[in-house]
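Two complexes are shown next, each including subunit A; its partner changes from subunit B in the first to subunit C in the second.
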Partner chain A sequence: MKPVPFRYQRAASLEEAVAALAGAGADDDVRVIAGGQSLGPMLNLRLVRPTLLVDIHRIEGLRAIDVLPDRGVRIGACVTHAMLEDLPSGDRLPPGLADVLRHVAGGIAYRAIRCRGTIGGSLAHADPAADWPSALAALGATIELAGPAGRRSVAASAFCLGLFETAIEPGEVVAAVVLPGSVIRRWGHRKHCRKVGEFAHAMAICIDRGGEALEAWLGATGGAPVAIALDRGALAGTAGSEAQRRALLRERIAAALPDSIATGDAYARHLHAQMAAEAVNDILANR
Partner chain B sequence: MMDAPAEAAIDLQLIVNGTVRQVRTEARTSLCDLLRDALHLTGTHAGCEHGVCGACTVLLDGQPVRACITLAAACDGRAVTTVEGLSGPLVDRLRAAFQAEHALQCGYCTPGMLVSAVDLLERKPGADDDEIRRDMSGNLCRCTGYVGIVRAIRSCTRS
Partner chain C sequence: MNKASAAYASVGHPVRRTEDERHLHGAGRFVADIPWPGALHLAFVRSTVAHGVVRAMRAPALAAGESFWTAADLNDIARPIVAKLNRPGFQVAAYPCLATDRVRFAGQTIAAVVASSRARAEDLAEQVEVDIDPLPVIASARAAFAPGAPLMHEGWAGNHFMKFTRTFGDFDDAVARAEVHLTRRYRMERLAPSPLETRGCLSVFDRAQGRLLFHTCCQRPHIQRDFLAEQLIGIDQHRIQVVVPDVGGAFGVKTNLYPEELAVAAISIRLGTAVRWIEDRMEHLLSACHARENDETVTLHANRDGEILALEAEYLVDGGAYSMLPSTSAVEANMSANVMPGPYRIRNYRATAMSACTNKAPTGPYRGVGRPAACFAMERSLDELAHVLGIEPHALRRRNLIPTDAFPYTSATGLVYDTGNYPPMMDTAVRALGHAHVRAAQQAAPADARERIGIGYAWYVEQTAHTAKEFFARGSVVLYGFESARIRMDIAGSLTIETSVCSHGQGHATTLAQIASEVTSIPIDRISVRAGDTDVVPYGNGTFASRSVVLAGGAVHQACGRLVDRLRAIAAHLMQTTPDELSVSAQAVHGPEGNAPLPFARLAQVALQYVHELPDGIEPGLEFLASYRPPVETGAFSAGVHAARVAVDTETGVVRLLDYLVVEDCGQTINPMIVDGQVYGGVAQGIGQALLEEIRYDAQGQPGTVTLADYLLPGFGEVPEVRIEHQHTLSPFTAYGMKGTGEGGCIGGPAAIGNAVTDALRGLGVSVTRAPMTARDVWTALQAARARGGAGGRRAEPAYTWMPPQ
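What follows is the complex of A and B.
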C-alpha cells in the first residue's frame, strides 16, 4: 500500500504547471495531482507509477469562484467539493444554480474527501460513477483547458468520452468550469448508493430552465454521461399518471442507454429508470 | 528494492498539534505515514489506506482530511491536528460521552471518529440522528454497531 518513489513539484501558477508538464523528460511519467482523492488511492495501490507529480492544489487562481456579468459563474479547477457544498446563500449566484451546486457537491463521498477533492480533478479523472460529469453536462457547463498551445474550451456534454477518458490532450490542464447564468426554474438530482457516500450505481439529473426541452442526464452508466431526450410536451402528455410517466421515461432511457445495459442488465436499467423518475418527480413537485 | 531517486527526498515544515516540526522525507510519503513513522504520533490509524474507512482522519488547517491519501509534501507549511492534539471543552465532552455510551471497543476507529465528530459538531451543532449518521458514514467501525457512537455524538449536540 505504498506508492512507487517519485519526484514532486508544487506549481505556483497555471503557467508553471503547464510548463512543468511540457518540460518533463521523455522517460518521465508525469501526472498532475490536485486533491489526490482519486490519484491517492491509485498511487497507494500502484495502479499508477508516475516518476513526477505536479501539484496544482494551491494555485490561487484555480481556487476562485467568480460571478460573471451574465450571473453565470466561473469555478476554478481546484475549488473543492466542500467549498461548493458551503456556497453562501445570498445574491452572488442565481439561487437555482447555487442550490444545485451545493446539493451535488454535498452528496459526494464524505466531508474529509470533499475537503480535498476538486471539481477539476473529478472531471479529469472521469470516473463513470462520479457526480460532476453528468451534473455539469446537464447544467450546460463549459470546461476551460490550458495547454502548451494556449487555452481552449470544451462543452461539458462533450468532455467525458468514456471510462476514465476525456477530451484533455497531453500536456493540458483543466483550468476552470464555466456555468451559464440563465435562470434554473426547477431541478431534480437523484442517485442510488448502497451505502451513503459510496460511488453511485445509478444517477439522474434534470434541469428545467423554462424552455420546451428539459436537460435530463444519467450518470453511473459505466461510460460517459448519457443524455435523455425529454421535453415538456411529452411529460405533459403523462400528466396525472405516474405509471404513464414511468413508461415514457423507461422508453426514453432505453433509447439512450449503452447497449450493455439496454440489452443486458435489467437491474441497472431499473435503477436508472427509478432515479430518472424521481428526478423528474422533483421537478414536477415544483420545488 | 529500487532506491528512491535522490530528488525524491524533500524537506517539510509542518505545525503539528501546535508545534513546528521540520522533517525530511520522501515525496511519496503520505501524511499518515509521516505522522506515525517520523513523528511517532501513532494515534492516527491506518486502516484501508485508500480513503474508505476514515481511521486516518486528521484536521488540516482545521478541516478534516484523509491522512492516507494526502501527501505529506502537500501539507508543507500547514497546521495538522491529530487525535493527540484535539482539545477544548467540546472534545472533553465528546471523550466522556464516548466512554459513557460505550462508543468504542477495540478503539481502532476511535481517533478518526473523534476527529470527524468534532468537525461535524462544529459545522452542525444541532445535528439530529439522521444527520449524524449521514455525516459519520465515512468512518467505519468493525466493533460497536454504531449505536453508541451516534448516541455519544448526539449527547454533545446543542438541542
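What follows is the complex of A and C.
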C-alpha cells in the first residue's frame, strides 16, 4: 500500500499553489493535497495515480476563520474539521450558525481525522458520503475558487456535480467557504453510519431561517446532494393533522430521491427517507 | 514446593503492567521497527481470480539489485506446506509458497518481487503480467458438496478437508423419549482476525555462519523454527534462530506458518541477505487466516419442563482453499462439535462436522476457535426452546447446568472439566443485569414504541492449558505438551526469567514476574522476563489456547521453588542450621533467633563467586530450568456467562448496547487487571462479530471486503463499558488453582446479543439467525415480519435475519 511515484511541491501561498498547477505539464495528472484524509488512502491504494502532488496545507492564510461585516463567516480552505468542531461559543457568529458548524464537523469520522481533514479538501474531493457538500448547500454557502484568471465564487448548491465531480476547473484550487450571516432559527442534521466514524450511508440536513422556504438537503446519495422542496406552510399547514403532515413529508422526500435510490435497494431508500424525516422533524419538534 | 512466607503477596494483585510504559511512549519495537541497514523489501504478486491455471507470467523490468521470483525458482529450497490431522478421512491440500500452476483463491501468492523499498517493490509487482485461465468457482460450502462440483484438489474424494458424524450416549432412545423437538439453523459469517499489527517478517541469512535469523511476529517461536526447518530444504533447526519482538496482537492468526513467510525465508537464503516483508491491511484481509463461516443446524430434544434429553447438531464450515499449518481448516467444525454441550449436562449428542474446501482464503484458528459459533447456535436455540416452553431463558439454563457436585465432570464428548460452580454464576448474571426490572420495563413500554429493549444471556466453558494427550486425541500432528522457564539469579539478587511462551499483548512480563515474586519475595521491578528468541529461551510451544499463565506460570513457579530451595540450603550451611529452620521473606533467608538474616545478594555471591563458602554437595550457580507438564492433560476449565441489554431501533434496525455484563470464573487470578483486560478485548471482538464483521465474497469468489472501510471493526463507539463479576473456583491441578482465560471474552457476544435482539423483537416476530446481525438484516426481517403478519397479526414462524438456502 504505497503510492505510485510522483513529484511533490509544497506551496507557501495560494499564488504559489495556483502557479504550481499552471506550471504542470500537459501529461501531468495533478492533485492538490490538504489534510490528505481521503486522498492519502486513495494514493496508498493506488486508486489515484498522480504525477504531481501540490501540497497546500501549510498555507497559513488558508487556515483562517474570519467573521464578515454581515456576521457571515469566511472559512479558509485548510481549516480543519476539528477547528470548526471547537468553534468557541460567543456572539461573533449569528445564532445557530456556530451550532450547525460544530455539530456537522464534530460528526465527521474520528477526532484524529478531524484534526487533519479540511473543509476545502472535503469539498474538492466531493465524496458523496462526505458531510460538508449537503451541509454547505443547505447553509447557502458559496465556494471561493482561486485560479489562473483570478478568483470566482460558486454557490455550494451548484458546486458538487456528482461522484467525485465538482465545479472546480483545471488549474483552480478551493480558497475558502463563505457562509451568509442570516440567523438560523432551527436546524436538524441526521445521518446513518453502520459504526461511529464511518462514511454515512444516508444523511439529511434541514435549515430554518424563519422564512417560508426551508432548506432541506439529502447527502450520501451516491452523487451530488439533492434538495427537498419544502415550505413551512405545507408542513405546519393549518388544517394538517400529524398523519397528513407525515404523509406530505414522505411524499416530498420521495419526490426528491434520485432515481438510483428511488429504484434501488429498499433499505437504502428507507434510510434516506428516515434521515430526512428526522432532520425535518427536529425543526418541527424544536419550535 | 517451597514458597516464601506470606509476608510478600504478589499473586492476585492488580499490578500495573510493566510492558505498558514502552508502548505508551511509542518505544515498543515490532518487526517493522527493527533497524536493518540494507534490508531489501519484498512484495507479492497475488491472484486476481478465485480459481484458475496460471498459463504465463511476464517479469517486470528490473534494475540492478532487484529480483523476481516464481515457484520454479523456489522448488528446490521450499517444500509446499502440508497441514494434516491424524484423523480418518482427513484430506491434505499442499499449499505452495508461490502457486505452481493452479490458483485456488483470489489473493493467493503467485510471484514475489524484491527491491530496495516497499514502494519500488509494489511498482514492480504491478508490472508483472499474469495470464490465468479461469476454472469454475466454488464460492460456498454447499456448492462444494453439490452433485457434480469440480474437485478442488487432485485425488480427493469429495471437496472436504474432513467430515464425520459421531454419536454419544443413548441418543436415539433419548430422542424417542423427548416431548419437544426444536430445530433451528444459524450462521456465523467468515471473519478476519485483524490484529492491529499485520503479519510481517525480516529474514536475514548469514552466509558466513550458514545461519538464518528470522524475525517474525508469531505466537510460537520454537514451533515456527521447527516448521521453517521442515519446509526449507538444506537447513536444519540448529541453524535457524527465530526472534519475535513485540507483537501487536495475534489472536491465533499468528500460530500458522504462512506461504509468505516461507517465501521470504527462502528468498533471503537464496540472496544471502536481509529481506523484509510487512503485510499491508489489504493483504491481511485477502490472505491471512480467515475464520468461522460456520453454518449450523441444531435440534434440541427436550421435555416440557425444559430438561434437555438430547442434542443434535451439524456444522458446515467453509474452510477455504487450503489448510493452515498446523491447525488445518477443519479446526472450526471439529472444535464446535467437541464443545457444543458447554456447561449443560447433556449426555446424548450427535454431531456432524463438515469442513468444505472452496475457492476462498484458507481458514484457521481465531480466538475462541469453534466456540463462538457453537455458543451462538446453542444459546440461541436455548432461548427459542425457552420461548416455546414458556420458561424464562435463565430458568431453562439453570435447569440444565452441570450441578456443582458433579465435578470433575466428563462431558459427552469426553472433555474432563476439572472444577466449576455454574449455578451461582447464572444467579449473579440475572441479578446484576436487573432482569426483573427489564421485564417490567418491557411490559410497561407502549405497543408502538419505536425502540425496543431486550435482554439475552450466553454461556460458555473454556478449556485452557490442555496438553499433549488432549491434542493427540484431536489428531493434531504437533503435541503441545509443556512450557518451560529458565530462571537466573544474578549476583545482586535480581532475577531473569526466560520463558518459552511469547506474549502478543497478554502481559506475560508482568504476570510471570508476579508468580516469581510470590515464590521468591523479590519485587517485580527486580525481575526481567525474556521471551521470543529461540537462541535464548528454553524449548516450548508458545502462546495460544489460553495456556500461558497455567503452563509457563507453572514452570516459573517450579523453577523459582528450586531456586528458593538452593538459597535455603546455602543459608542453612552458613547459619549452621537446617533448611526447615529457615523462612524466606523480603529478599532474604531468615534463621532462628540470634541469626542475622542473609540477603539473597549475599547468598548469590556465595553461589556465583565465593564458591569456596559453598557446602559440599551444592553445585555452584543459580540457574534453574523447569519444564512444566501439568498433572492432568485435559486442561483447566474456565467458564462465563455474558449478558446483554440492547435497544433496537425498529426504524433503522440499529442495535445499541445499553449494558454488557460478564460473569466469569477462571480460578485464581494472578493479575485481575490483566484478566479484566482480556475480557474487555475479547468482548470487543465478540461485539464485532455480533454486529459488524463479515468477510464477503461474490459468486465468482471475488472478495468484497479488502479495506477497513468495507470490513468494519468495532471502535469505542460500538463497545460500551463492560461490567465484570468475578467468581473463583480453583483448579485442583494447577499452581494457585489458576485457569486460563484468553478466549472466553470473545465467545459469548454474538449469542448474548443475538438473544437480546430477539428478545427485544419477539412481539414483532423477528428472530436472529445470523452473526453479524447488521442493521440491514434486522430492518429487513422486521419488514418481512410486518408483511407476513400484518399489524399485530399472529405469526406461526418468525422472520429470520438469515434464511438457510434450500
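As a working rule, the second predicted complex is superposed on the first by the 278 of 287 C-alpha atoms of A that agree within 3 Å, B and C clash if a C-alpha of one lies under 4 Å from a C-alpha of the other, contacts with A are read in each partner's own complex, and residues count from 1 in each chain.
Assume a contact is a pair of C-beta atoms (placed from the backbone, for glycine too) under 8 Å apart; a residue touches a chain by one contact, two chains touch by 3 or more.
Everything numeric in this text was worked out from a predicted model, so none of it was measured.
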- Message: With both complexes overlaid on chain A, does A:274 touch subunit B (first), subunit C (second), both or neither?
- Response: second
- First, second, both or neither for A:243, with subunit B first and subunit C second: neither
- Applying the touch criterion given at the start, work out whether A:46 contacts subunit B, subunit C, both or neither, answering first, second, both or neither. second
- Message: Between subunit C and subunit B, which one touches more residues of subunit A when both complexes sit on the common chain A?
- Response: B
- Between subunit B (first) and subunit C (second), which does A:33 come into contact with in this model arrangement: first, second, both, or neither? first
- Give one of first, second, both or neither to describe whether A:109 is in contact with subunit B, with subunit C, with both, or with none. first
- Task: Check the residue A:6 against both partner chains and state whether it touches subunit B (first), subunit C (second), both, or neither.
- Result: first
- Message: Which partner chains sit in contact with A:266 here, subunit B, subunit C, both or neither? Use first/second/both/neither.
- Response: second
- Query: Touching A:194 in the superposition: subunit B (first), subunit C (second), both, neither?
  - Reply: second
- Show which residues of subunit A both subunit B and subunit C reach, each in its own complex. 1-5, 41, 45, 110, 195-197
- Item | Residues of subunit A touching subunit C in the complex | 1-5, 41, 45-46, 110, 192, 194-199, 266-267, 270-271, 274
- Contact footprint of subunit A on subunit B as seen in their complex: 2-5, 7-8, 10, 26-28, 30, 33, 49-51, 54, 57, 60, 63-66, 68-71, 73-74, 76, 116, 119-120, 123, 133-135, 137-139
- Message: Give the list of subunit C residues in touch with subunit A in this complex.
- Response: 117-119, 122-123, 126, 280-282, 651-654, 692, 707, 709, 712, 714-718, 774-776, 779-780, 783
- Item | List of subunit A residues in touch with subunit B within their complex | 1-8, 10, 33, 36-37, 40-41, 43-45, 51, 53, 55, 57-58, 82, 109-113, 115-116, 195-197
